[in-house]
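Each of the next two complexes has chain A plus one more chain, namely chain B in the first and chain C in the second.
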Partner chain A sequence: MTRQANKGGLDRRAFLAAGGAALGAGITGFPAVLRAQTESVKIGLIHPVSGFIAFSGNQCREGALMAIADINARGGIQSLGGAQLEAVLGDSQGKPEVGAAEVAKMAEAGIHGIVAGYASSISLATSQEAAKTNTPHVVDVGVSDEITKRGLENTFRFSPGYGKIAEFAVANLDTINKNAGSPAKTAMIIHEESLFGTGTANLLNAQLPQIGIEVVDTIKHANPTRDFTNIVLQIKSNAPDLIIPANYYNEYVLLARTMRQQQVSAKGIYSVLGGAASNYQFVAEFPEAADMIMDCNHWFDPNSEVALQRKKAAEDKGLYYTYEVFLAYNAVAFLADAIERAGSLDKAAVNAALAESTWDDHGMPYGPTKIENGQNQGAQPVNTQVLDGVIEVIYPDQFASAEAVFPMTR
Partner chain B sequence: MVNLDIVLPSVLNGLTTGALYALVALGLTLIYGVLHIINFAHGALLMVGLYGVYGLNAFAGVDPYVALLIVPPAMFAIGYALQRGIIGKASHGRDENILLVTLGLSIVIENLALYFFRSDTRIVDTPYSFSTVEVLGAFLPLTKVIAFAGALLTAALMWLIMTRTDLGRAIRALAKERKGAALVGIDTDHIFAMSFGLGIACLGIAACLLMPSYYVSPQVGHGFVLIAFTIVVLGGMGSFTGALIGGLIIGVVEALGGLFLGESLGQIGIFLIFILVLIFRPTGLLGHRV
Partner chain C sequence: MRPLVVLAVTFALIGLAPFAIASDYWLNLVIMTLYAALLGQAWNILGGYGGQFSFGHAAFFGTGAYAVAVLQVELGLNPWLGLAAGGLLAAGVGAFVGFCTFRYGLRGSYFALVTLAFAEVLRILSNSVWFTGAGVGILIPLERGAASFQFVDKAGFFWVIWGMALAAFATAWWIGHSRFGAQLMAVRDNEDAARALGVDAFRVKMAAITLSGFFSGLAGVFYAQYFLYLDPYIAYGPAISVESLLVPIIGGMGTIFGPLLGAAALQAVAELTKEVVGEAPGISLAVYGTLLVVMVLFMPRGLAGLGARIAGLGPRARRRRAARLEARNA
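On to the complex of A and B.
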């Protein structure tokens, strides 16, 4: 299922020979091979490991592979006699149609469950394709609410959607602003152009006026955008109290650098699903640009031993423990827990087990999973802020490691 | 409604961004415009240059501008070796083979970068990363002002090499008539490789001037290649002055397009120009036989 496999050219003779062999195997049967296949639980991991969001796709893949390694090290799926999880890797190249094609190929090859696909648009396509064969499909990161609103019985999401995130972000912003004497009255939203950025921006545009913050402009940008000076000039021209970015890592870094360069002064930078705002790499490489940025994003429970152990394991592997890593890890573990409880690889049984999940060994600030229409109802983001080079949790209070600093003092 | 006060800063910024595009296009105009090699590996080789600058900075503390003494010569050597050892041999003198070979090279180079560096975005932090220069009320990043000057100097240098040196004369002879050039004693394989090396050395210069204001990842070249091809066509194939002017025009059009049409639609203007040039002036703005 890898790209390399797809590129392998076959001439007519080789194709006929392989086809004949496959047909022969189908007629005569190879029971030993078939038995070998059922000994492992095949989990399809489809991520954009090449293309414009390859950084995030690779982070997802690494997180998912860590989960598979951990589960196998603990003895695999006990209810299936210790069956080991086997990763089947797919690359969506950042394109929904390629992601869907990978699902189709995996389904034909007898995949038992799928974890995909990082971006919302890709997750929509992969889950739709997986629904045709009722293959259990867990979305790791994709935040569009459409993903779980289509009534697909095979589609589940462990993490929150952007509806919940926007609601949470606006409510917490209201609290932060009021605690500071309501200095923020205007905002500008800078978002990437795909489903995630556009959907998030639409929700924020609808909700921010309800807390007394006028959105003076909303700017959409392409992926990739090579230069943000134009956008930052517009920010300077509008002089909003708050700047709200919602975009992927590379664009976020360039935007933050350019804002710093152009000496943009705002009362706060309050990202919603900011690609870099809660990213250790960004904070380490550009502490000046990252300083005091707030973000409402996926984050682990900083008080959870499980989360801290996984963070250390990821860092020992040379990885930054970004949201892609821990969400993909948990998506695989969530699926594995359901297979364990189902005690079967029957797709309907695994889907039913996912729907009834009460799994809590995730290290996230969610509580035990509670699934409604495929969505984990307890999933929620947290608010973070970069303070003195450290990403601190500032909301909700029970997970907070620091108090919000607002307005920015830099 | 766009505030007209930001139009001038936007145009100035477009000029500096355009200079960066021109730097990438200078190498391409030599390889594509003069030698008619469609180099699909141009973006991947830019990425190699950027990783070179990053590596020198991260592991040896070499400033990106000091790396100008190391990276362009190294890139020249890489370009020479690629043309002499792989592209020339594998293409058997046929243009369609060159296209496939360079496409294959780009895939190999990008996957090697993915293997060695993963897809992490890497950035160089310098003491002047956030420095700006005030020009007519606009704060222009110092790194982009330097890149602007670098693009002018590189274009002038390339023009001098092409018009005032034996190497330049040999390259032009080869571009005009390969067999004739061989008949008068020009070592065509060597000159092809020198030309390709020079084009890739331009990418090395671009990498040194780009890295302080940009980032590197295995896919970073994709964002520049299409623009570079557009600039070469707009400026006139093989024209270094044309590539420079074309880059600046594209930079300004992109900036103003983004300002008035929205950032997502900003690039429409670029490709509109591309189509119009192809229809009304297929030789480009300064197109002439080299």
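On to the complex of A and C.
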């Protein structure tokens, strides 16, 4: 009661002054994209470049920018008189609502296509928002199968979805295990707590028993987790034949390092979309921890000249050529190819061109694109293994650069 | 009656937004401002008027959000019914948290920590049980139409959040002008003195936390229907709790308009920093944080307090003060 004067005690002038100040600030904050050029083809790039997945978001942004630079260097969109691609950058901050707001802002700016959003939750929100203006939206990394199952005519994914990856991972693990005389009978899953890790754990728990591997324990951890000592002690106590991590980069590195320090012995470490298992940075910085780890992940075709040239270009720029870089690169190139074939910036025409895409200049082990309900049917992961400090492809055979070493011989 | 008139005029002016704003981007900004104002007012009812600082309003927000999502996805319940259920369940969680804390006399930092713990417990639970989708989260099927609370255009969502915010702000006005509100503020200012005067502190705090939980739950329902996806971190994560208390702290705690001013200022600062510092990753957030620190340091009573202080410097205010002084001396 002593604060009565503070309780709604604004008079009209004070209120109008404060409201005016806030409105003024809002108006001066009017998006710069509205002042952008109109003759270029504007591609919105929305990634989590700040927040807890900023490393991956920044890698995505770099890959997408590389694609735009390459396409522009080749003369832009020929069917539009050599129109140059113009990147309009957005930061989702790792939050779906911020990603969706960026889409609305870009749509106002007359964006012609969007590549987003790294995480599945963000991709779900951005594609849904883009659907309201029928803006072509290509998902670069988000793996949730729901992304392309909602019937949105503007939403496409060049890379594989989760169901395909999990099916592939289990089938290949079965092959690798059987080829070695089935030494792996038990497995332990260590996963992060969000959609990606939990989804992986659920699928593997259901499918591993069908190939004769018993899951002896499943451990979930929070993001971030900085001490894996207790989890590794649990692994040692269970002594599984296979250790299956499903975590983001930092946690994966810490888990792998702790396992190495605690001298955990297992017949294999087999990741599904392992955050670091197929990452050049991890292999370069922690070669001992990375040694012999197998992964089922997005990867380029090691026999493709296109892929190797892009890898070299990325490394010349000081980038690690991670899956974020080449998937975002290809997502932009996939969209640019559709604009080229559409010969128009009409959104419906670009969406139709994406739906009919047969693009094959991607350097991925996919074959020409074949889109059904927005999903590229040819997209598939591969199995990699770190052998002597090099990430080698071990499956499928037609893309393999080395033989699998299993059981591992650490 | 003056604050009520200002409130009515303010909301009437905000209500012009769908007619005056053709841009989806700007309308979205208004919607998100009203959403933040609703969250902030929910916290303000308990923290600003009641003096009970909660660090865990995500517990109520997440309950409302998950209620509408789970009832829809698992039981096929219409989301409009889920709206009521979400608000009521969140109010129930508020009452439970209130009973567990006020019953045992927890105040100040102890109360704040316990509310934080409740939100964390609910986050872990939602990460573990099947019906919330556990860590995978829950996706509300896309089914555009007013009947399924998924409007085709933003104006529909605007009217929903406008209505929710108006209800919360009208409640805050009522608190400021009712016997219950007087008792609540008495408890805030000196609980022991209030008890000595016959105020049932437990009862009024329980009513405040239940009301606060209800409006937070409504904000959760709105979020779920607007973005159609939830996971434990989105629903029960600390970001929501921080946003809930930041809005009234910046705008002015214990005032009707504080949450609205705070929400508008936070949105404006966020957009402004994004535009000023451009596309450098994370810099806008650093500038945003610095600005908030400066605002809290130099405006301890929030924007509403600053407004009142500025108003106090005007010639009319000076004349009024002089007249009061003269009357006192006469």
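Everything that follows uses one rule, which is that the second predicted complex is superposed on the first by the 372 of 410 C-alpha atoms of A that agree within 3 Å, B and C clash if a C-alpha of one lies under 4 Å from a C-alpha of the other, contacts with A are read in each partner's own complex, and residues count from 1 in each chain.
Just so it is clear, a residue touches a chain if its C-beta (ideal position, glycine included) is under 8 Å from a C-beta of that chain, and two chains touch if they have at least 3 such contacts.
Computed from a predicted structure; not experimentally measured.
Colleague: Touching A:S237, do we find chain B (first), chain C (second), both, or neither?
Modeller: first
Colleague: So, does A:V253 touch the first partner chain B, the second partner chain C, both, or neither?
Modeller: In the superposition, A:V253 contacts chain B only.
Colleague: Kindly classify A:I219 by the partners it touches after superposition: chain B alone (first), chain C alone (second), both, or neither?
Modeller: A:I219: touches chain B, not chain C.
Colleague: A:E193 contacts which: chain B (first), chain C (second), both, neither?
Modeller: A:E193 sits against chain B and chain C alike.
Colleague: First (chain B), second (chain C), both or neither: which does A:S121 touch?
Modeller: So A:S121 only meets chain C here.
Colleague: Please work out whether A:N177 is in contact with chain B alone, chain C alone, both, or neither, and reply first, second, both or neither.
Modeller: A:N177: touches no partner chain.
Colleague: Quick one: classify A:A101 as touching chain B (first), chain C (second), both or neither.
Modeller: After superposition on chain A, A:A101 lies in contact with chain C alone.
Colleague: Check whether chain B or chain C contacts more residues of chain A in the superposed model.
Modeller: When the residues of chain A touched by each partner are counted, C comes out ahead.
Colleague: Let me test your reading of the model: by the given contact rule, A:D91 touches which partner, first (chain B), second (chain C), both or neither?
Modeller: second
Colleague: Once the structures are superposed on A, label A:F286 by its partner contacts, choosing first (chain B), second (chain C), both or neither.
Modeller: Only chain B; A:F286 stays clear of chain C.
Colleague: Output the chain A positions appearing in both contact lists, the one against chain B and the one against chain C.
Modeller: On chain A, the residues that contact chain B in one structure and chain C in the other are 49-50, 54, 57-58, 193, 220.
Colleague: Looking at the complex, which residues from chain B come into contact with chain A?
Modeller: 2-3, 5-6, 9-10, 13-14, 17, 110, 114, 118-121, 123, 125, 129-130, 132, 139, 141, 214-215, 217-219, 222-224, 254-255, 258-259, 262-264, 266-267
Colleague: Any idea which chain A residues touch chain B in the complex?
Modeller: 49-52, 54-55, 57-58, 193, 219-222, 224-227, 229-231, 233-234, 236-238, 249-250, 253-254, 257-258, 260-263, 281, 285-286, 288-289, 320
Colleague: Residue numbers of chain A touching chain C in their complex, please.
Modeller: 1-3, 5-15, 17-19, 22-23, 25-26, 28-32, 49-50, 54, 57-58, 61, 89, 91, 93, 95-97, 100-101, 104-105, 107-108, 121, 124-125, 128, 132-133, 146, 150-152, 192-195, 197-199, 202, 220
Colleague: Would you pull the chain C residues touching chain A in the complex into a rising list?
Modeller: 2-3, 6, 10, 23-26, 28-29, 32, 49, 127, 134-137, 139, 141-142, 152-153, 172-173, 176, 182, 185-186, 189, 223, 226-229, 231-234, 239, 252, 254-257, 261, 264-265, 267-269, 271-272, 274-275, 278-279, 281-282, 284-285, 301, 303-308, 310-311, 314
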